[in-house]
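Attaching a single structure in structure tokens format; questions to follow.
Chain IDs A, B, C, D and E follow the sequence of writing; residue 1 opens each chain.
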Amino acid sequence: MSGLLHAFTILAVSAGVVFFIAGTVGLVRFPDVPTRLHALTKADNVGLGLVVLGLLPYTGGLLGALKLVSVWLLTLLSGAIVTQLIARAVR
Amino acid sequence: MALVFDIGIVSLLIAIGAWMIMARDTLVAVIIFVVYGLLMSIAWVRLSAVDVALTEAAIGSGITGMLLLSAAARLRQTEGAGARPSFPVCVAAGSLCALISAGLAGVVLLPADVAPTLAPLAVANLADTGLENPVAGVLFAYRALDTLLEKVVLLLALLGVWSLGSDRAWGGAPALGAYVPPNDILVFFAQVLPPIGIVFAAYMTWTGASHPGGAFQGGTVLAVMWLLVMMAGVARAPPISSTKVRWLLVAGPALFLAVGFLGFVIAAGFLAYPVDYAKALIVLIEIALALSIGVTLALLAAGPPERTLQP
Amino acid sequence: MTAGTVLASSFIVPLFMLVAALGQRTRERLSDLLPFAPLPALLAALVVPDGTIVVLPRSLLGITLSLDKPGAMLLGAASLLWIAGGIYARQMLQDAARAVRFAIWWLTTLSGSLGVFIAADMIGFYFFYTLVSLAAYGLVAYDETAATRRASTIYVALALLGEAFLLMAFVLLAAATPGNSLLISDAVAALRSSPWRDITMLLIVLGFGLKIGLVPLHVWMPLTYSAAPIPAAAVLSGAAVKAGVIGLIRFLPFDVSLAGWSEVLMVLGFVSAFYGVAIGLAQTNPKAVLAYSSVSQMGLLAAVLGMGLGSGSRAALLPVAFYAVHHMLAKGGLFLALGAAAARRGSALLVLVPTVVLALALAGLPFTGGQLAKMAIKDPLGDGVASVLAQISAIGSALLMLHFLYLFRAGIAEAPADRPSAAAVVAWLMMVFAALALPWFLFPTLDGASRADAFTLQELWGAAWPILIGGLLAALLWRWRTRLPRIPEGDVLFIAERCAPTVSRLGAAFERADGVLRQWPIASMCVALLVVLTALALAMPA
Amino acid sequence: MNSATLFGFCSAAIVGLGLFGLIVSPHPLRRILAFNLLGSGVFLFFGVVARRGAAAGLGADPVPQALVITGIVVAFSATALAVALVLRLFALTDEAAPTSEADPKAGAEGGHS
Amino acid sequence: MSTASVATTSSGYLLVLAVMWPVIGILLSFVVSGRQIERLAWIVLPVGLVIAGATLIAVTQAGQSQIYVVGNWAPPLGIALRADGISVAMMMATAIVICVTGVFAHGEFSQPPGGPEERAPVVFWVLLFAIWSALNALVLGSDLFNLYVALELLTFAAVPLVCLKGKKETVEAALRYMLFALIGSVLYLLGAAMIYGAYGTLDIRLLSERGHAEPATLIAASLMTIGLLAKTALVPLHLWLPPAHAGAPAPGSAMLSALVVKGSFFVIIRIWFDAMPDLLSFRAAQLLGALGAAAILLGSVLALRQQRLKLLIAYSTIAQIGYLFFVFPLAAGLATGVAWSGIAWTASWLQLFSHAFAKAAMFMAAGLIAEALGHDRIAELGGIGRKLPITMLAFALSGLSLVGVPPSGGFSAKWLLLLATVMEGQWWWAVVIVLGGLLAGGYIFMVLGRLLASPTEVPALQAPVSRWRECAALSLAICAVLLGIWPLQSSDFLFIGR
């Protein structure tokens, strides 16, 4: 059973990392600010979601898992708001 | 394996530190400072000092970053001020600083054979304080005098910031967020996040007695939430002469001092707690401190009073 | 105990009168108190038996006072001179704008000048010495002209320098005395065996030499006495200078023969004696001539003290004190004569004759105190080279005095006759009478001396021939007076003034260094540098 | 070569950088930044000392950690006061000479107003 | 770790009161409305004076230092407050100077009746309480980190005081002071961290038992010392002092020059004479002495060249601080009981106290003169001394104490210092001390001459100067002179608890 969990975690976290790398490449390669913002928020949020998913089994108990998910949700909320503000400020 | 991660963190820290010093533009340097602060809190976690990591993230890079960012934005046009000192001075300064850090590294290299520590003593006496978190034990019991004096330092800093306002603006309100155009996104954010923040701050202050956390970290989150609300224009910054604000500012240290003097009567001396309900007292103090730290840090970041009181 | 209180009152009463300056009403009448301030000191000099010692309470710095024979003599004469000066000053300050300030400085200087004669411990002596030398600044700077400002600045600078020498000397003395006793007698006794004997002697000679105007430290004297108003010049040249004399009497170790230092003092003394006469002849202002005469006379005294130091006996002390008393009274009288002459232009003769007598008395005129003074210092001088030099200096001072009289008579002729003031004449006559009579009363107190010896033919001739030769030289001089060089007052001072710009350049260099040090990068780099230096200093094996 | 020593070197380096930044930065805001960097270096040193003092079941010695928390709060209040001073200084400089380029150079003009 | 437990002594509670009483004043003045703050001050000042007096009596009677273990946690873990001879004497001097400054400042910083709460008075009184509490904490603290917090409290109380008037150059002076003081405290903190890393405790008494000369301790000690030198403004680290002390309001600069600068010096003494008694090597002591000598010469020469009276007095502070640092080369033998180290020890404390009184009086007098004339340019003082006789007397008396003229405390200090240099055989310090006295005489007489000069018309008084503010300045000058009564040998009162 734990072998399966290990495999699942490695898979999820590595997928998450791939998304992070994609987001960073987008940040570096894209020509102007809105596109960079777009790349960053989309890729990094999904990446974070996958990493959180991968780590869920290790949090030991429901409370830890809920905390981890709340971290993800808060990042989603603040990421969205900040992207809107930066986009509005740049335009 | 962990060493590789540490080496990564350390080299990143040093690189970012150097970049921050060398950056041409102050705004860029401040943004790098915020990143540096977050990395530093990871370094604290690696040094298994979670309390400090929380404080560093909240105060070290959070509210300090916000303060420096707003100052850098406001001072953009004074960028060209003054030139860097001449080259020989830079070289001399660099060599002297290198010498000092080499000395420091030397001291780090040769540790005492058995590293002297107060951990056993702290843990042994922790039972008397009724707390489980040793850092909170040190802060609120063993070295309570330092914490009390430090609170007074905070109040003095606030008074110093207030004294920089002009005479006619005394009693007025800081100009934080007074000029921000109505921005629905920020208003939405300022309505959604604070409730979560307040719950989070309350939790942080409460668990401080047994797990990493405490009054300072909780207080800082409260301060940031209030700053967000003020900056979004949802609520106006309070005038500094309002008695409610003044009482809130003084509540924490006053209660701490009162409990300290109470120690003369009910316990062994100043800032001593009776063993059986020490924890209750300490938690009470932490709650009051969290409140007053929140208000103090927020007003510190809000700056000196500028708008006179509209009667 | 009453003797002690009388002795203490001599310096406490003037200071107490200062308190009167605080009240608004009493402040106007302060200048009227001036003549009465020295009275307790006069009383103390007459009444208090020799050798009384009184220790003041801790609240008054625990000063120890004691009266010995030279001290009593000088105290009495000084208080007489201060009384005369006070009478003159009171009249001068009648309607003056700055009367109160002058009175305050006068009383402080008076208290210091009287206290210095009776102080027995080093701290007390230094306290009175500071009072008399620093407070005189106010007296000198009374007239508010550019010349007086220059004179008072130079005076204060050199006074502070003298203070510094003496402070260091006293500290070295205190360091050498066993136990914590600060008494002068113990300190001087311990001087012989002190490891810093020579440096202490050098500082003592420099400190007191500056006060009595030994060359080259005399430059302030002519400037100060010509800048100060008449009463101030009289008391400063008469009484205040004697602080240096009593200092040498108290602090030089007479009971052990210090070979090297007696020669130094003698050389300095005689050089000053002849230098004073030479430069005095080249002066046109009578006050400056009198100043240089003081330089010369004090030089002679220093030479006598040098001889006493060499002979290893305290025999020279009383004659020196006697000579100083006579010089004090005569010099004070001459200065007041200048004032009296200016005030009473009418009967010139009435003013001229006593002044001639007084002036020649300084040179040792027979039947006057001067002759007695010359006789008194004859034995300590012995009969070698020193006494010959003393005779020659007598001739010189006779010549100088005649030059002064010539200037004095010329001065009377065209002095503006403001208004004849009784007080000025009274003060002057009082000094003339004191200068002529007092030495005769005091002479028997010297051991082995009686009035009768003064009348032997051999003594009279011994006193007369220097004056005759002096008169001869004066006549010669009168014919070539037009070709005499005119030397500005404070002769060697122009050398000091020439190096003034280098001093201000040094000050500017300091200012630039401060400017550099107070730049932010330099200052913060100094922090880092000092950390490294201190760490190295700590680490290196001491 | 455990992690504590590694972070020790890091703190030494950061202290050196912070001090260098304090010396060479012309703009007062940059000096405040360098001061914060220097402060975090010193706190890191405290952390290393704490980590080495791990005993009695704790990951690190709690006393230096408590000192660091107090230090961070004091450093923040110092930064807040310094930033307020800088803002006030430039506000006054603009008020005094709005046209001329604000010049708070760290020259030696000091108090000679 | 030998934890010889140190117990709270009988009158230890006074120590807590000394530190916490002004803090109560601070907290109350935040809450109470502006107008009552002066009434609050009239309560806090006398009670604080009584506490300082009571502690002085307690320590002198007990003959040994009073200790208070805060929270009943013994030192290696907890903090102890310790009052020995020098700290009680410093507390008494602080209490006197602050009370007189309070009386002096009443005229300048009082709330106008009716009308809204003013800015300057509220801030001034709170900062006064804060300086008092910080100094008491500095003087009584015997834990290095506790001293760090007290130093920060002192800096945070002093900086806003400098720019209380809000002028541009005072704000700039305050900023430079703030940043330089922060460098000092960070270096001090780094030193404290290294000492904790080496010995596991920050308590001074335990350190003196465990301390030994190893590289970590030496580097830590040099970092702490230099950090504190930056806060004491010893040459060459004096860039912030002249504009700060000259720009501050008169009562502020009186407290800054007389007390605040001495606070960090006190901690240096704690480090080198209490925490590490025999680690000060001869070379390091000579280095500190040399810096002191440089301070005397540079400070005095620059004071002579100043055009403004307050800047002259500020540079005179830099010079007088130099005298204090002769205690390190001269009293180094204190631990080994060398006789004349006691003299040097007494001399430097006498110098510290007499300079505190004299400089506070001088800054107050200068403040009154500046208020009366509207400016403080020395060239145009124009005999104002004759219009303000009591201020003139205060300035003269404090000047004489600075120069070291006999009846004053300054003279006793200089006499004992010279005695110590002679006995110790380090005559070069004596030359500097005497030269410093000469230069001090120079600038004091220059100012006195201008104050007493009487040009054709004396400038009219722009603002009436109230009599009792002049008497406040005079009282401090008289304190400086009364110190002259101190017996001229090493006093054992300053050795209690050593």
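Going forward, contacts are C-beta pairs under 8 Å (C-beta built on N, C-alpha and C of every residue); 3 or more make two chains touch, one makes a residue touch a chain.
Keep in mind that this is a model prediction, so the values were computed, not measured.
Enquirer: Which chains lie in contact with each of chain B and chain C?
Expert: D, E
Enquirer: With chain centres set to the mean of the C-alpha atoms, which chain is at the far end from chain B?
Expert: C
Enquirer: Based on C-beta pairs in contact, work out which chain pair has the most and send it over.
Expert: B-D
Enquirer: By Cα centroids, which chain is closest to the centre of the whole protein?
Expert: E
Enquirer: Quick one: chain B and chain D, Cα centre-to-centre, how many Å?
Expert: 13
Enquirer: Could you grab the centroid distance between chain C and chain D? Build each centroid from C-alpha atoms only and quote it in angstrom.
Expert: Each chain's C-alpha centroid was found; their separation is 63 Å.
Enquirer: When the centre of a chain is set as the mean of its C-alpha atoms, what distance in Å lies between chain A and chain C?
Expert: Here the centre of chain C sits 96 Å away from the centre of chain A.
Enquirer: What whole-number Å value describes the gap between the mean CA coordinates of chain D and chain E?
Expert: Result: the chain centres lie 26 Å from each other.
Enquirer: Do you know which chain C residues sit against two or more other chains?
Expert: 514, 518-522, 524-525, 528, 531, 535
Enquirer: I need the residues of chain B touching at least two other chains; which ones are they?
Expert: 85, 89, 93, 96-97, 100, 103-104, 111, 115-118, 122, 142-143, 146, 150, 153, 156-157, 160, 164
Enquirer: Specify, in ascending order, the residues of chain A that touch 2 or more different other chains.
Expert: Residues of chain A touching two or more partner chains: there are none.
Enquirer: Give every touching pair of chains, nothing left out.
Expert: A-B, B-C, B-D, B-E, C-D, C-E, D-E
Enquirer: Looking at the complex, which residues from chain B come into contact with chain D?
Expert: Of all residues in chain B, those touching chain D are 2-3, 6-7, 10, 13-14, 17-18, 20-21, 26, 29-30, 33, 36-37, 40, 43-44, 46-49, 51-52, 55-56, 59-60, 63-64, 67-68, 71-72, 74-75, 77-85, 89-90, 93-94, 96-98, 100-102, 104-105, 108-109, 111, 115-120, 122-124, 134-135, 137-139, 142-143, 146-147, 150, 153-154, 156-158, 160-161, 164, 214, 216, 297, 300-301, 303-304.
Enquirer: Would you tell me which residues of chain C are touching chain E in their complex?
Expert: For this pair, the touching residues of chain C are 22, 58-59, 61-62, 97-98, 101, 123, 126-127, 130, 134, 137-138, 141, 144, 149, 152-153, 156-157, 160-161, 163-164, 167-168, 171-172, 174-175, 180, 182, 196, 506-507, 510-511, 513-514, 517-520, 522-524, 526-527, 530-531, 533-535, 537-542.
Enquirer: Across the complex, what residues on chain E touch chain B?
Expert: 1, 8, 13, 16, 20, 23-24, 26-27, 30-31, 68-73, 76-79, 116-120, 122-123, 126-127, 130, 133, 137, 145-146, 149-150, 152-153, 156-157, 159-160, 163-164, 166, 171, 190, 194, 197-201, 215-216, 219-220
Enquirer: Under the stated contact criterion, what part of chain C meets chain B in this complex?
Expert: 521-522, 524-525, 528-529, 531-532, 535
Enquirer: So in the complex, which bits of chain B are touching chain A?
Expert: 183, 185-186, 188-189, 192-193, 196
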